[in-house]
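Take a look at the structures listed below.
Next, two complexes with subunit A in common: one pairs it with subunit B, the other with subunit C.
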Partner chain A sequence: MSESKRTIELTIDGRKTSVPEGSTLLQACQGLAIDVPTFCWAENLTPVNVCRICVVELEGARTLVPACSRKAEAGMVVQTESERVKLSRKLVLELLGSSVDMSLASEFQALATKYDAHPERFGPRAPRAAPGEREAARAGHHYAEDGEHAANVAQPKKVDNELFVRDYAKCMLCYKCVEACGTDAQNTFAIAVAGRGFDARIATELEAPLPDSACVFCGNCVGVCPTGALMFKAESDVREKGEWDESRQTVTDTICPYCGVGCQLTLRVQANQILRVTSPADHSVTSGHLCIKGRFGWGFVQGKKP
Partner chain B sequence: MDLEHLSQAPTDAETRAIDALLGPAAPDSHGAPVVHGPTPREARARRTFLLPALIALQERVGWISPGGLGYVCRRLGVPPAEAWGVATFYALLAVEERPAAFAHVCDDVACASRGAEELCSAMEARLGPCASSAHRAEPHAPRAGHAARWAKSPCLGLCDQAPAALVTVAGERPVEQAFGGATLARVEEALAGKRVAPASFALASLGPRRLLARAGDAKATTLDGYAALGGYRALERAFELGPEGVRKEVNASKLVGRGGAAFPTGRKWDAVARHVGKQRHVVCNADESEPGTFKDRVLLEQDPFAVLEAMTIAGFATGATKGWIYLRGEYPLAAERLASAITAARAAGKLGARIGGRDVAFDVALRRGAGAYICGEETALLASIEGFRGEPRTKPPFPVDVGLFGEPTAINNVETLVAALDVVRDGAASYASVGTAGSPGTKLFCLSGRVARPGVYEVPFGTPLSALVEFAGGVPGGKAITGVLLGGVAGTFVGPKRLDLALSFEAARAAGTTLGSGVVFVMDDSIELLPMLRRIAAFFRDESCGQCVPCRVGTVRQEELLARLARGAARGGLDVEKQLLAELGQAMRDASICGLGQTASSAIESAFVEFDSLGPLGRKRS
Partner chain C sequence: MLWGSNARETHPIFFHHVLKAVRKGARLYVVDPRRTASAEWAEGWLPVNVGADVALANGIAHAILAEGLEHKGFIANATEDVDAYKALVARYDLARVARLTGVAPEMIQRVARDYAKAERAMICWTLGITEHHNAVDNVLSLINLCLLTGHVGKWGSGCNPLRGQNNVQGGGDSGALPHKLPGFQDVEDDAIRARYDALWGRTIPPKKGWHLTEMFEAMEHGHLRALFVLGENPAQSEADATRTRRLLGGLEFLLVQDIFLTRTAEMADVVLPGSASFCEAEGTVTNSERRVQRVRKSIEPPGNAKDDIEILCALSKRLGYDLALPNAKAAWDELRELSPMHHGMSYERLEALGGIQWPCPDESHPGSPFLHGRLWETPVRGMKARFHPAEDVPPVEALDDEFPLRLTTGRRLDSYNTGVQSGGYASPRRMQETVDLSPADMRSLGLADGERVRVVSRRGAVVAPARVDPGLKPGLVFMTLHFPDQVDVNLLTIDATDPRSGTAEFKAAAVRVEKV
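And now, the complex of A and B:
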């Protein structure tokens, strides 16, 4: 199918380039080694273009366009670092930084510096929500605050199983976990976005604990989470103890021994303990996704009783 | 699909309500879908019943219980987490048990200018706190929502009869009433299940009466009466012209969409017609939810057959055989009238497989919303019909190519469709006999606020704004107009110096404003600007779908900013706040996915330009 694809010519930042028909502007930029930041985009998921950090300026378009999903068209003239682009990226960073704990999102600090983002100008952060408070918010209603504090999604961690924790104070609502749980990988549909607007959140039905939901604990949501909101319990425990130390960690590629499929695993190990298991997103067998055994079934390595 | 279902059982009432909609479950299926191993097409065909099923539960028992939700999921093959995501998306669906009788009291800008605050105070004194007000104030206390019997509501589209309320009484025979002239006594009457007399309202035209030709005449609500008033002559003419001829006429008329975006209707129909051989759809966008807008409600209630006839013409012109009306949930009378009009039109062969005995097929399904402004955005509307959360989709592709169920779809506003009737029946030349060169024909405007005779007014394009307000009686008591909110909360303010603005698309564009959905909210010095701006900001915060960062968080930051200004507590000085607002507005305009975020700061920013100081319309609170 791809052999017969036509080539599209367009101009990005004053440079002419050609890409196969169907390519996105992001792919076209990557071909020119132009750096376009992304949060909600991932190579192994369908683009949802919700974070809007990847917006670029397209000549003739009323608004900026998301590079991650906008298809290249012949004759497009695109600017990736115009003043409008920079302002929108700065604001997206400030809006995220003031409402979500982005401390573990890779690149966030570097981008905030690059785009001169100052999340603190929206004021001091509002206090953390009580357990269940964000889940109790209802569409179309909110308690009117006085504007002194910046509303945010700070809330207690959800720890309801031994495999991974959900720290939604770090959730930027990128939809990646929902996609991985749904048609992009697992087809389990245990989680979805619930609520509306600023009160939108990732939820199981009736906000049930994961063990009571349809979750099969494949951990593919953890694998795609860009902010550390979803994290291996092992990693979370080590971080909470303040013992997380990347200089003492090794990263080892191996093949999962459980079945004959041959999934590649990447093990992150500290002090002889497996803290995180991933698979490369471009791996031909896994596309980055694993099952519960390959992802979490390593108790025997640690000599733990099941 | 690997579905795990909720274990709670539905009550008999819930089962019956769902079975009445979907048909009985197959024996021994434990409520599982009748079709097993659905193909994507079958799954899709069932999923579109998700919102109707949730509404059926809401109407029957007053909330979406876990047992009811589980039963709907089993019947439709929808994952419970996704159904929960849909149920919690809509403001009119309750996911906590509450009394069967519930009142939604409008406190939006138009009602606020006509006594909503007093009504809400009276409601609170009699029925206890509003369902939404306890949250956050006492985060550790149980939410008042469980026992509350009323909540504040965004605009109910009854601004001509403000203050307004929507009262729903769930049960075997649910009663839903939206009414103006709301008082505590009238709301209590409705909560008791009694019929409340409608309030009076104005319908008038300055020039030829076209869009409102039949509105106000009770005959128009029956098929025979509609025909006697000249109904279905446009359809006959369409058959004479042929599909191409109809599109030619519509193109020649320069008719553009009346929902707010002003896209050329003929071009839209041409684009859909091009997809020969594919299933095509016509969707009537009747999700009128822009605060201050009620013109579509008047057309739907007063002239339902005109909407059906126009949709049939659109279907004929585009090659679509399926029509959908997406009606906002807050319009129960329109729902009733449309449903009976559809039944009557089918019985008379005006809808169905062979319309008027010809080889033309077209039928219409009525779908109701459940309290979500965003579903008026065309792609969100499609998602809502399909049974998903009303989250807008990225464009391109546009609905004319990839629309409902991925198929080519023409989405038109109610008023646009009714205007097309005149274009087709009388021809483009006749249509253009009034109006301006750039904006031929007439337009409906919704006058509300501090005006003597609020109502729907039909005027030729080009009429000065001041003349329209004058025609509606001006400000009561002969007071001076201090400004107008034009085009809705997604429109702009027009200050006292610019009231001679001609009401046409080209003049509005040149003046940096928009006719939007036809809102003309009239202000005098009794209206305080900052609280009004804050209400607008709160509206956008509530109605953002939450999908994209600029809108989801930007609307919150905008409201926080307005809250500070309304308290006279600007942070770092007014200029710093204005700079912040300008940057927020720019980012929301440039980087939001859809029109909601793109226009969320439009009116608010314009207020700072149009009015000399923060408090020209009242006191600056400090």
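And now, the complex of A and C:
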């Protein structure tokens, strides 16, 4: 039962537009078909505005503002591709690209090219952290870098269950997994950001392995992860064997075979093997979120004996 | 109000919607003998004794009427027989109801006020209501509450059974019921049947058939000697498994069509390997909100397995009738022709609209988000809604010295029914079957957590590890039906059945627990 809302008028890139009160600048841009890049934003999550790639220039504002969460106000004048915006996005891309493995983040390469970002200028990557090293970091304890290498979050994969793996070398701390595990969807609160500064990381309580944590394995964190840090075990295994081949894959929408809620599933299949199950963020039943059975419970059609 | 439903575990994505509402200030009450994961999110948990749901509903009605909170205008305009109902619930004073149900009178009063005064309110239930010998009375008692308060026929209100299987709604809608043709049209109505006879060029039987429970009774009496089972595993899912297997074993011919060699299929004379409808075939399923949605083929079925439609058409041809339905869309279009409530749902529209909720009578109709809106018209079009007064009747099997504990069965988050589907993936959270007991009963039986115990009912016995569950009241035992090959819990359950619904009393058996 939506009540009629007031309309807000503003100017974006020299074009006048009007949006319903409460809309974000990102929504206003989308209405004008202006492309604003995002990493940490998703239509089914509350904006946390941490990645800063969506910043735009707002006339009269001291700092650039995140389009994903800044509400449109009457009379705003916004530039989405000013020199200041471009420089800021370039810096964000370079910092992310030098410290995080963004190889599976969709659009990252295209954006790096567009904004002339050169993450490699910070030098070769520092060696990968030993198992447990990053988890052992304590707030306030810092060690000077050698100045030769780019600091980064490279670390071993965490494989502690048969459903999904956690490759935090690819984690850009966008908070999407925390949001999906928390109030935005699952309300299980198995994970949060632990540590401070460069040591900040996604962690379970007391760094427990997932099976010993509060995790209920809905995989909603996997569903929203933009960088491949969280990945179906089935997909990860195929990628590790070097057999991942999107040209041989099909993507098919269907309905979950379990309870009567009717969640839409999107099955990604290669060589008759299901490798990934997601749900569209705009589906009226799921809002993109599933439970353990819907997301992972398809082994029974893949020759896995009950 | 969630009544006899642990949706947090059994309908998790429905419960996401509940949680969204709770976070926006909606009030949630959970009625369940167990303090479940759903109850933990409620502002009030009503720990009803197993089988005392009618008494509790009548008590809530009593409290509503005592304070004059009923919707007098709705009752006068849209309902019948309220006087009989009032006379009945007058005898369900809160002291008596508290004694019968184990729920405190203050809580009953609080729920009565909050429910009756709410602008919009819903009662959702599942098997905690329907797996009882008086299942229909349980459902009618909840509907009575909806009628008493006018919480029906409006957006955001109503009474809603949450469906347990992805197409159990669609199966019934499309005529997989012994007394209904597609679209809930009465099979004994000559005019309706005539349309089918004309389309198919055959005369379809003019009398309704048997439901599952009646079929087993007919087997008992030798009236049913051949059975065709599609995608069901009654040898493990029916109550009183010993009897079920004896009857299936005594058939002259058992034909099973399934994607697995289930326990039932192992007993069959012939097994036809079908395909998994959600990913190896095309078609539609209908969810709990009556939304018809498309399922699509994404992988090939293994070995010689075939599309179920192909099997059925081939079988029909050999039986002397050519169904001539080459695919799912043709079958669907035939259904649309015969079932008015599906008429507007072409594949193209289902695709474009992301599913449509029936009734959808024509191709310009957007579908129906809720039913029974006519009850708010003055005067009401068609039949008025009738109150069905129902008395409290305890479970068939009373507790006694020999069997002093109440066994109730249910489900867990990561498993599903008899485990045929959910056994195929490695859930890190999966426990094997346990006998869940209250801390007090664990103590009085002298049991340690994890100690193996024998659970005995009048019909059988099983052995499994005991597990303490602080969410259980003393006297209550909980088990699932997920691991029948290891622990055959349905050896214990009673097949006392509500004759009107055909559903057995899985929720209430009398047992004792012994050290092994």
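Throughout what follows, the second predicted complex is superposed on the first by the 303 of 306 C-alpha atoms of A that agree within 3 Å, B and C clash if a C-alpha of one lies under 4 Å from a C-alpha of the other, contacts with A are read in each partner's own complex, and residues count from 1 in each chain.
Here is the rule we use: a residue touches a chain if its C-beta (ideal position, glycine included) is under 8 Å from a C-beta of that chain, and two chains touch if they have at least 3 such contacts.
Just so we're clear, the structure is a prediction, and the values are computed from it rather than from any experiment.
J.: Could you classify subunit B and subunit C on subunit A, in the superposed arrangement, as clash or fit?
T.: Taken together on subunit A, subunit C would fit alongside subunit B, as the superposition shows.
J.: Tell me which partner A:V50 touches in the superposition: subunit B (first), subunit C (second), both or neither.
T.: first
J.: Could you say whether A:T63 touches subunit B, subunit C, both of them, or neither, answering first, second, both or neither?
T.: In the superposition, A:T63 touches subunit B alone.
J.: Pick one for A:Y258: touches subunit B only (first), subunit C only (second), both, or neither.
T.: second
J.: Vertex at subunit A, arms to subunit B and subunit C: angle between C-alpha centres to the nearest 10°?
T.: The vertex angle at subunit A equals 110 degrees.
J.: What is the contact status of A:S103 with respect to subunit B (first) and subunit C (second): first, second, both, or neither?
T.: Touch status of A:S103: no partner.
J.: Which partner does A:A130 contact after superposing on A: first (subunit B), second (subunit C), both, neither?
T.: first
J.: Regarding the shared-chain residue A:T113, is it in contact with subunit B (first), subunit C (second), both, or neither?
T.: Neither partner.
J.: Considering only touches as defined above, state whether A:H141 meets subunit B (first), subunit C (second), both or neither.
T.: first
J.: Pick one for A:L95: touches subunit B only (first), subunit C only (second), both, or neither.
T.: Only subunit B; A:L95 stays clear of subunit C.
J.: Should A:R196 be classified as contacting the first partner (subunit B), the second (subunit C), both, or neither?
T.: So A:R196 only meets subunit B here.
J.: Would you give the minimum C-alpha distance from subunit B to subunit C, in Å, for the three-chain superposition?
T.: Closest C-alpha pair between subunit B and subunit C: 5 Å.
J.: Residues on subunit A in contact with subunit B in one complex and with subunit C in the other?
T.: After superposing on chain A, subunit A residues 186-187, 216 contact both subunit B and subunit C.
J.: Can you name the residues of subunit A that touch subunit B in the complex?
T.: Going by the criterion above, the answer is residues 49-53, 55, 63-64, 66, 69-71, 84, 87-88, 90-92, 95-96, 98-99, 121-123, 129-130, 133, 136-151, 172-173, 186-200, 203-206, 213-214, 216.
J.: If you look only at subunit C, which of its residues touch subunit A in the complex?
T.: It comes out as residues 10-14, 16, 19, 23, 41, 155, 162-169, 259-260, 276-280, 285-289, 291, 293-300, 302, 354-355, 413-414, 416, 419-429.
J.: Residue numbers of subunit B touching subunit A in their complex, please.
T.: 1-4, 6, 66, 69, 79-85, 88-91, 95, 131-133, 135-137, 139-140, 143, 145, 151-154, 371-372, 389, 394, 396, 538, 541-550, 552-557, 559-564, 567, 569, 571, 580, 583-584, 586-587, 589-593, 598
J.: Touching subunit C in the complex: which residues of subunit A?
T.: 1, 161-163, 183, 185-187, 210-211, 215-218, 250, 252-265, 267, 269, 272-274, 283-287, 289-294, 296-306
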